[in-house]
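Order as written gives the chain letters A, B, C and D; numbering starts at 1 within each chain.
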Amino acid sequence: MDDLYREQIIERYKEPHYRGHLDPNDIQFEDDNPLCGDHIEITLRVDKDDKVVEAAFDGHGCAISQSSADLLVESIHGKALDEIKSMNKDAVLDLLGIELGHVRLKCALLSLKVLKAGVYGLGEANDDLVA
Amino acid sequence: MDDLYREQIIERYKEPHYRGHLDPNDIQFEDDNPLCGDHIEITLRVDKDDKVVEAAFDGHGCAISQSSADLLVESIHGKALDEIKSMNKDAVLDLLGIELGHVRLKCALLSLKVLKAGVYGLGEANDDLVA
Amino acid sequence: MVNQKLVGFEVKRIRADFPILDRETQPGIPVIYLDSTASSQKPIAVIEAMNVFYRRSNANIHRGVHTLAEEATALYEEAREKIAKFINAPAAKQLIYTRNTTESINLVAHTWARANLKSGDMVILTEMEHHSNLVPWQMLKSERGIRLEFITVTEEGLLDLDSYRSLLDQNPKLVSFTHMSNVLGTINPAEEIIRLAHEHGAVTLVDGAQSVPHFGVDVQKLDVDFLAFSAHKMVGPTGIGILYGKQDLLENMPPFLGGGDMIKSVHLQEFVANELPYKFEAGTPAIAEAVGFGAAVDYLTSVGMDAIAAHEHEITEYALERLEEVPGLNVFGPNSQDKGGVAAFTFDDLHPHDIAQILDRDGIAVRAGHHCAQPLHEKFGVRATTRASFYLYNTKEEVDKLIEGLYKVKEVFN
Amino acid sequence: MVNQKLVGFEVKRIRADFPILDRETQPGIPVIYLDSTASSQKPIAVIEAMNVFYRRSNANIHRGVHTLAEEATALYEEAREKIAKFINAPAAKQLIYTRNTTESINLVAHTWARANLKSGDMVILTEMEHHSNLVPWQMLKSERGIRLEFITVTEEGLLDLDSYRSLLDQNPKLVSFTHMSNVLGTINPAEEIIRLAHEHGAVTLVDGAQSVPHFGVDVQKLDVDFLAFSAHKMVGPTGIGILYGKQDLLENMPPFLGGGDMIKSVHLQEFVANELPYKFEAGTPAIAEAVGFGAAVDYLTSVGMDAIAAHEHEITEYALERLEEVPGLNVFGPNSQDKGGVAAFTFDDLHPHDIAQILDRDGIAVRAGHHCAQPLHEKFGVRATTRASFYLYNTKEEVDKLIEGLYKVKEVFN
């Protein structure tokens, strides 16, 4: 189990670095994983060049969904919104450093889906965002 | 093929003995086989003791359906209506003297179904009549 | 400690019939399959019945005269007769082949209900229903304005029959409920619920997805109007289920899907519907699957439904005992007396996905989530549970492995 | 006389893949299967894919975390991707798994049509439709009062496009037609029919039950809005079919059946529907069948759809030639240029059932009846026809046997 539940994932799950809700914020989005009810909200503050200056996530869910949200939020500090738009699932998998099956992938990618839907300013998130 | 298309069946098909329509009649019923559109009408005249004195069939269809109608009609001359009510599929199979699969059985039993529905005075024929 | 011997039931022999139980999902560990409530495994007899069908008898049915078509038709209809006998239906033609329990319930909602329910009419469900027995009625509610009322579930996970009686006084048209909860394991007093419904003039539908696979269900004894179940949960193939109905109800229902086989005749502008059961079976049906379903029913019958129920009861009792020992673990639902082979639980504040995933590393297959019973989970104030479920092939040793695995999960998160 | 060799196509090798072709339905005579239009036979690769699935990976999908559930989910979804590629769909999520072509068409009738058609709205069909593409619209007609109009079929068995154009001027909402007739063999000019429909603002549905199995169908090239087809007619299993739809149409359609998997969330009184394609897949789907369907598409792709079409064309041409020699035999439909591998015929005034039954005594499997196209038969003034149909595994030798058999039939009745 160690390759899957790598130390980093468990640690980040138990003690996330970026858990919280930014208020005020420039971008806010939230969504559920319908398979399990896991929930992620992401809030961002961006500067005048559309670069992320601050980011946080909130929500509840399994170790995979929560730790990947924490790692994802960490990774986008200083990134331009355009860069975020071009992120795909490999970005998250690289951060986690593990392989995931079809079902768990949805857990891992929930935060990216929420992030991109927020950055694109969509009304609703969809799976195409993390294809 | 000879066991299935026994001489008698082909002969009765080509030259049926009881093809016709009785007018006037005491009992008349007709129905289709929805699988193939075969059609059988049977008309009967009965005496005061409810015994069949005359019977005829009309319609169109395959050798099995037409020859079994002819043989069936022949066999009920002189029978009481109550006896006809208790006839089942074995009566027809005995007349034909062959074995039939599920689909062809419907061809063979169409005439019995029509006959019994008429004798029972039903509005509609159903497969239970020939179970 | 583990007592493998059961009267009239040799689980080792049973296990040998299920090839997947030798599958090692983790190197060196044959899978410990505790997820039969979601879908059961299949014995060789079922797999081979379909294999042989495709290799020897495959053809389209009903309208074919040639030998293969005759054989396929006979096999398809013989299977219907076997399944009819299995639930003691008066006649095979009262069984409609569907895709699964879900389609069976939707069929009733689309035909009987749309023909008989109007705005304001009341349908009684329960708080422990699977989504399959909720959503079809919610759809009818938004389309028609019917009213949905729910029999309450008590803290222990039983139906509150007082709440049922007070709903009955409001003139319900339909009472539709699960025979056994796929989360709590509760086996509901179906006969009594149906009797009361009939006394109040309501039609009844039983969701038998979890009952028909696990103990003898007799539709005549129950006097149920409609019964829905799925082959894949009773050692049969995917892709096929049954709707049983009383003959007069089925005969008076409008057809559901339109197409080949469900017709007596078709013209350009209109059609005449066929007799039962074909009226409700449009298009080429799941023929090989029907053959497999027939083999499944043969298999279950040869083992014996009472023996299966007794075995499951023994395993479940043992599992509940052992799970109770685990600190922080809380099993939902009644105790083993009224309970089928299901144990859904929370474990501290561990997420069911994490529990299931870590158990999987030891080859233990359990389900995590709301098990398509979200309202029930809401009622108990949890989002999801971890569920272990048991069937004829499970053993006490497997329960022991589950318990060991749960302790390991705890370690990972400490 | 018989030329077995075909460029790029070794029919002997193909036949070896289909175990049923060795089956002797009459002692000493391997079956001569000329009934693929009703249902095709299955290669070992397809049978084994399902066999292996049940022995190694079987579990319920989507909501499972354990290895078997993960594998089953992956196999189920990979199959969808393979089928999507096979018809060149923009995205796999535009493919809904159904039971068969019939359910696919009914799905559109129940969702898109009920949401978009009102009393008096016109639907254009053709006189050569299979009952599957007639009855669902007739049901909607009696429920809603829509109007059904029919593109005429000419004496040769082609669609009369003039009659189509004049119907188009009457503001149709939907044009729904078969890509290839299962009786006449006519391959309709789908691209043109669809282009004209779109010019007049109508949505299009193609019944691909006979086209997708037999030649390359590209939904983007056709620009079709909905396409329906069945696995069992394209070397795949029974119990599964596809509805393809354009994304915006599918997204705006209300759901069809309610239950597990088609929901995002469920409460006691209401639900939120899931994303595509799950929104239309309620309950446990035909999982093993999807795996088999994927294997079928792999098989057809490996042989090559162009090679298959060319082979069928050659066999059909030969068959038409030989059938023409038989006195009293009359084949319906166009000549081989516009015709797929179907030859439906009358033979003197012999009843098709008798013809089929006597041919069966020589191991020759053909179909007899109206082939679920009763209005078309009415149009041609016949109740039923005998139909021989050809697929990738058929040979000219088999055609010769059919001809011999037909002469024997004549003898029996002389």
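Some points to look at:
The rule is short, and it goes like this: contacts are C-beta pairs under 8 Å (C-beta built on N, C-alpha and C of every residue); 3 or more make two chains touch, one makes a residue touch a chain.
This one's a predicted model, so the numbers in the text were calculated from it and none came from an experiment.
Of all chains, the one whose mean C-alpha position sits at the greatest distance from that of subunit C is B.
Looking at A-C alongside B-C, one finds more C-beta pairs in contact between the chains of A-C.
Rounded to a whole number, the gap between the C-alpha centres of subunit B and subunit D is 37 angstrom.
Measuring from the averaged C-alpha position of subunit B to that of subunit C gives a distance of 44 Å. Distance from the subunit C centre to the subunit D centre is 31 Å, each centre being the mean of its Cα atoms.
The set of subunit C residues touching two or more other chains comprises 63-65, 67, 69, 263, 265, 353, 357, 368-369, 374. Residues of subunit A in contact with at least two other chains: 35-37, 104. Across the assembly, chains come into contact as A-C, A-D, B-C, B-D, C-D.
On subunit D, the positions that touch subunit C within their shared complex are 19-20, 23, 25-26, 31, 33, 35, 38-39, 41-42, 46-47, 50-51, 54-60, 63-69, 99-103, 105-106, 109, 127, 130-132, 134-139, 141-142, 148, 150, 230, 232, 237-240, 255, 257-263, 265-271, 282-289, 353, 356-357, 359-360, 364-369, 371-372, 374-375, 378.
Residues 351-354, 357-358, 361-362, 368-370, 374, 383-384, 408, 412-413 of subunit C are the ones that touch subunit A when the two sit in their complex. By the touch rule above, subunit A contacts subunit D in their complex via residues 32, 34-37, 101-104, 126-127.
Note for the complex: subunit B touches subunit D at residues 1, 4-5, 10, 14, 35-38, 60-65, 104, 107.
By the touch criterion stated above, subunit D contacts subunit A in their complex at residues 62-65, 67, 69-71, 73-74, 77, 93, 263-265, 274-275.
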